[in-house]
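What follows is a set of structures to go through.
Okay, so chain A shows up in both of these, paired with chain B first and chain C after.
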Partner chain A sequence: MFNQLMQKGRQLAGIGSLVTALGLAAPALAQDKEPIVFGGSIPLSGVFAFAGIHGHAGLTDYTDWINSQGGIDGRPVQYVMEDTAYEVDRSVAAFKKITGSYSPPVYYGDSTGFMKSIASELNSMNSMLMSGASFATALTDNEQYPYQFIPGPSYSQMFGIILEYIASEGEGGDMPTVAFVYSDTEFGKDPIENSKARAAELGIDVVEEIVTKPGSVDVSAEVLKLRRVRPDYVVFHGYVLSPINEFMVQMRQMGLDTKFMGTFWSSDKLIIDKMGKDADGYMGIMPYNYYDAEESGPMLDALRAQAEKSDPEAGYRPTAYIQAWFNAMVWTEVIQRTLDAGKELTGDNMAEALASIKDWDTGGIMGIPVTVKDMSFPVGRIWRVNAAEGRYEPVSDWIHLD
Partner chain B sequence: MRIGDAKQTYVADEAIWTTSTQKFWFSILLLGLLIFPLLANSYLLYLGCLVGIAVISTTGLNILTGFTGLISLGQAGFMGVGAYTVAWLSTNTGLPFPITLLLAGLMAAAVGFLVGLPSLRVKGLYLAIATLAASVFLHFIFAEWESVTGGMEGLSLEPAHLFGVTFRSDFAMYFLIVPLAVLAVLAARNLFRTRIGRAFIAIRDRDISAEILGIPLLRYKLMSFALSSFYAGVAGGLFAYFYRVVTPESFPLTMSIFYLAAVIVGGMGNLLGGILGAAFMTLVPEALKLLTAALTPFFPNAPVFMSPMLEIIFGALIVGFLIFEPHGLAEIWRRVRRFFHLWPFRS
Partner chain C sequence: MDWLFFGEISLAGLAMGGLYALIALGFVIIYKATRVINFAIGEIMMFAAYLFLAFAGGMEMSPWVAVPLAVLGGALLGGVIEKTMIRPMLGESPIAVVMVTIGIASILVGLVELIWTADPQLLPSFLPRQPVFIGELYLAPKIAYGFLIGMAVLVIYLLYFRFSRGGVALRATASDQAAAYSMGINVRRVFNLAWVFGSLAASVAGILVAATGGLSPQFGIIGLSVLVVVIVGGLDSILGALVAGVFIGWLETVAGAYLGGEYRMPATFAVLAVILVFKPYGLFGTHEIERV
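Let's turn to the complex of A and B:
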């Protein structure tokens, strides 16, 4: 009995080894060229994990998808990442670890702090292009950050799009008034000065500015300030959820008919999930079509199909997933353009390829052809929450800042 | 087995290295630190530099908290003062790093001196809150004094330089950071052979008794704060040169907690404990990632599940040390040494 079992075990082991060997050999035979590596410092833990997990899924799914399409220029793509816990020193450690073992021409950075910290090294390396979760306005400074780009509009550009929308709502020259509510962080303060200047250009009166801690709960004093000035619009920035919900609920309880708007990180389903029907009417700027939007396009459809394939149970995919996918799309486009031009994948060549992107059709990820300006994609659309449907619906056309 | 270490003079009693064995192992350590950058890759060099900065700051906090018994949650703020001093001086005056780092230390010491004033009236948790308030105040200055600190955008700076030599790479920075870390620890070791250092310990053990013995509490408590902050300022200056960008968010409150945890985990009132604690707090999260790397070939989704788990394991390790070895890593190290000293007999 024992001998029979052993013999059967050996047979199974032999078959298993053969299958394993064939399994390992098959991709090697199909794609025996050197892979192009997508590197990433990804916050799978820590305070930004709510987005990092979906960003990781987006990059993983895009890698699988692009490999199913034959890779880039016939070369397979390999996605290599490390968790950072959203801490700059650990993000840099992940960068060093990955770049020590691989030569990724493109890299996902998880925070503005990391992107700034690594900039000097990136500049001296001249071998990599970087983008990621940050929409910081500072990164549009081509002198200081020549090899970093923003996968959408910068925060200042997001405010620019919001203000253009508000200006378009002014009837008969009676321009709406606006209040800015932002967090006391680098993230929160990023677009404020530029946006005040832009509001003045458009003739919009910024009647109040309120600074709070991110995640504040008690905002009753701030709400009273807003009640005094009665702004037509309140634009939030530098938050994910709180205190946006507190402001909205309390101001509505006071009978104010103010409209509420937010930027990228505060314009996802979380607001609807947490606020329910109170979220109705909240508006956000989003440079990409939502996963559950009615719009479609070849790339948007591919994204949805790949997301469904990789995790059929997941359902709705947050904007962090789409943002990561779009990052990888841009990397692919840039690498392809650089290789097509017969150039090496250096930082300079890839930055040049990025700057050459003009009227690029993103296949439905963004609703209109886009042109790169100052290492960013200054495009967006205003969406409004339909609480009954549990999703965002477009209320403006796509706005492309010049 | 070592059987005795008789000291026959006061000089011998006060010596830093009392036996030839200690001298031998210290020489080996220095040699190892010298050879390490020649063998290590960029990642390990980076971690080496991080540990070096952490050792300086932890040693500073150990002087204050471990040796003088004054708890502080302001270490990140003091590091920020040092970092901004270096960034500002480097950008506006172009001074070489020995001068900027010295001034960073002095500036942080001056701030630490002021922050230490409440320590004359309060101690324990009350002092922790006072230093926490100072940390918040410093953060406010970093964020709002735009003409000097660059506001929320912060300051970028050129690499450290001296006599035409530029410390740009991790390799070069290692040779700036690690010798300074060794120097900082040796200076601290020397400190506790002096009247000042012993006064700190006397204050920690019983401040009223210390005062009766003729130790002016005002002078020595403030001195401890200033010294500790000097260390933090130098560490912050090195941090600035290392990352070459300084923003208010570079020095969050969690950083102060990190250093306090390093002192406690390593062993309060023990310089070796500070070193081990700094290394533990910096390297263990990285080492734990090896678990994820080992699992990923079998479970491709392992990073998603393991990453939050590693944070829990790291936290559990800290709690475990506090429960099972309240004297910290230094005590474990002492037991290991004792085992070898007495080998082949049981300790």
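Let's turn to the complex of A and C:
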């Protein structure tokens, strides 16, 4: 116990302030050249730390891996980050500090709030492409956010995929009903209006909308509201774990046969680990293969090998790890395409390179080739919890929104 | 108007309010005896809930053993905090003492992240899962049993303060420190006792609330909601804590059900604003007259 504490203490002590992660195995040739810097405002503490810590591990491991492959265009990659505690002002301060010392062409933003706040500065700089933890629908607006992209489908697109799945479950024209349950945050509210419109287009009746505080809250009153409308499906958004568990357990205690679904941040294995058999049947949309999925591919295998190499004790890697790895994959692809075209690493050139991505094989990270649309990767698949096996299993084909 | 729905919502709100009252009691005991506004009360709740997680989850102890151990751990934490960090601040400005409690809260969050990581957690299930019906009214079992346990603890507290020597000493110290001291009451020990009892009440509430809504290092934020309760009830009034706790719990739930979840906090803060305008010392708080 003491040794574990000391080990964790050492780990956390090392990530308190500015951390520079350099690839150790980069070939000598690459190390002689000026490094390409991956910058990041990373929430290692605060409300999003559960994801930030794994995202940091994903970016660190990808950097080590790409350096072991010779870097990008023969140049080593250097990952520079700072803890933000998931606070926008600290994220902005971290951005200014890092961009004041380095010239990162790509940057990981930790929240929608930060990415919106920094947009005007990013636009005037025209020297950087940014992505990160956010899948906010607003970021698909190329006019307002020309240098920011989403490393998967936007939250609205995720709802679109979920609603398409629900519509496909309608039997004989009897379309299922749905309730949306979301947190009272910018993150939670992001896709709701678009999703109500999409549901109407598909003929799905949204019978209830529930807004709650995120995290640890009593939801028994909200469950009573849902008991009266008896939705066929409840879609959660803007949560990680609680109060999803309470909705599911209480509604089942009432004898309702409602099915439960969630978007990306509500679909990690954490739900299975913490809820146990109560999680059985829960469904989530995931644009990437899970770490323990049966699928494989050269990049997914490389990710697993690098994760095992960097921390053999860690075992399963959460979706935040894979999401961060995919961010860095896209950055690499975009930088490589820009340099191959003989262009400078400006925001405009990299955005153009990003938009040129068509039928891109992600090596098993995503299950089908992907084409960028409106600065996003609109791909996803519905997965369902098999509690006995302790994992998510696919229940739909990969869906690529046009 | 669906009266059945209103009844069910009200029942859920009153039950949650009972837990608010228990947390508020912990807050008020400490303030009443020591005049310290303890901003770390939410984090003490959180720490006790994590202790329960460690005992019942990690060490697989029976909940009957794990709950008392976790509650005692939380109470002990309160005592240690008072002795090592609050007592040296005696005589310092109230703002400085408040800042110390805010610092303690931050330290506890860091400690929890260090030991249990930043991942959200669920407590092992230890309350019955069968739905509870009162007549035709449904009540979620965790809320119902949590309320019953909370009320039992409240009654024990009230009896203790009314009839025991420690309770009388605590009330005497709260009423007039100098007079209590001159009558031979060990005031320093009473201060420590107040922190232990306040933290114990908060620890029971912490485990019950976390059993209902889950646990994370940010769990302590609930302490801020309870600040509304104690200001509405009166910072130094145990009766105020009970009445305001139940009322705020009911109001928050009814507002959430009929107006939407985003109106829970505005509804309670609206009540707070009105109370502060008309009764600045809260519904049952003591009027303090300062002459300069």
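Throughout what follows, the second predicted complex is superposed on the first by the 371 of 402 C-alpha atoms of A that agree within 3 Å, B and C clash if a C-alpha of one lies under 4 Å from a C-alpha of the other, contacts with A are read in each partner's own complex, and residues count from 1 in each chain.
Quick note on the criterion: contacts are C-beta pairs under 8 Å (C-beta built on N, C-alpha and C of every residue); 3 or more make two chains touch, one makes a residue touch a chain.
Since the model is a prediction, treat every value here as computed from it, not as a measurement.
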Q. A:Glu82 contacts which: chain B (first), chain C (second), both, neither?
A. first
Q.
Between chain B and chain C, which one contacts more residues of chain A in the superposed model?
A. C
Q) Just chain B (first), just chain C (second), both, or neither: which does A:Met366 touch? A) neither
Q.
Contact-wise, after the overlay, does A:Ser45 reach chain B, chain C, both or neither (first, second, both, neither)?
A. both
Q | chain B versus chain C as contact partner of A:Ile53, first or second or both or neither | A | both
Q: Go through the superposed model and pick first if A:Met128 touches only chain B, second if only chain C, both, or neither.
A: neither
Q.
With both complexes overlaid on chain A, does A:Met254 touch chain B (first), chain C (second), both or neither?
A. second
(Q) Once chain A of both complexes is superposed, is A:Thr99 in touch with chain B (first), chain C (second), both, or neither? (A) first
Q: Have a look at where A:Ala179 lands relative to chain B and chain C in the superposition and call it first, second, both or neither.
A: neither
Q: List the residues of chain A that touch chain B in one complex and chain C in the other.
A: 45-46, 49, 53, 184
(Q) So in the complex, the part of chain A that touches chain B is made up of which residues? (A) 42, 44-46, 49, 53, 56, 81-83, 85, 88-90, 92-93, 96-97, 99-100, 113, 116-117, 119-120, 124, 138, 144, 184-186, 189-190
**Q.** Interface residues, chain C side, partner chain A - complex
**A.** 2, 5, 8-9, 12-13, 15-16, 113-115, 117-122, 129-131, 138-141, 143, 209-210, 212-219, 221-222, 253-254, 256-257, 260-262, 264-265
Q) Given the complex with chain C, which residues does chain A contribute to the contact? A) 5, 8-9, 12, 45-47, 49-50, 52-53, 184, 210-213, 215-225, 227-228, 240-243, 245-246, 249-250, 253-254, 270, 274-275
Q | List of chain B residues in touch with chain A within their complex | A | 41-43, 45-47, 50, 143, 151-154, 156, 159, 168, 170, 243-245, 247-250, 285-286, 289, 292, 303-304, 307-308, 310-311
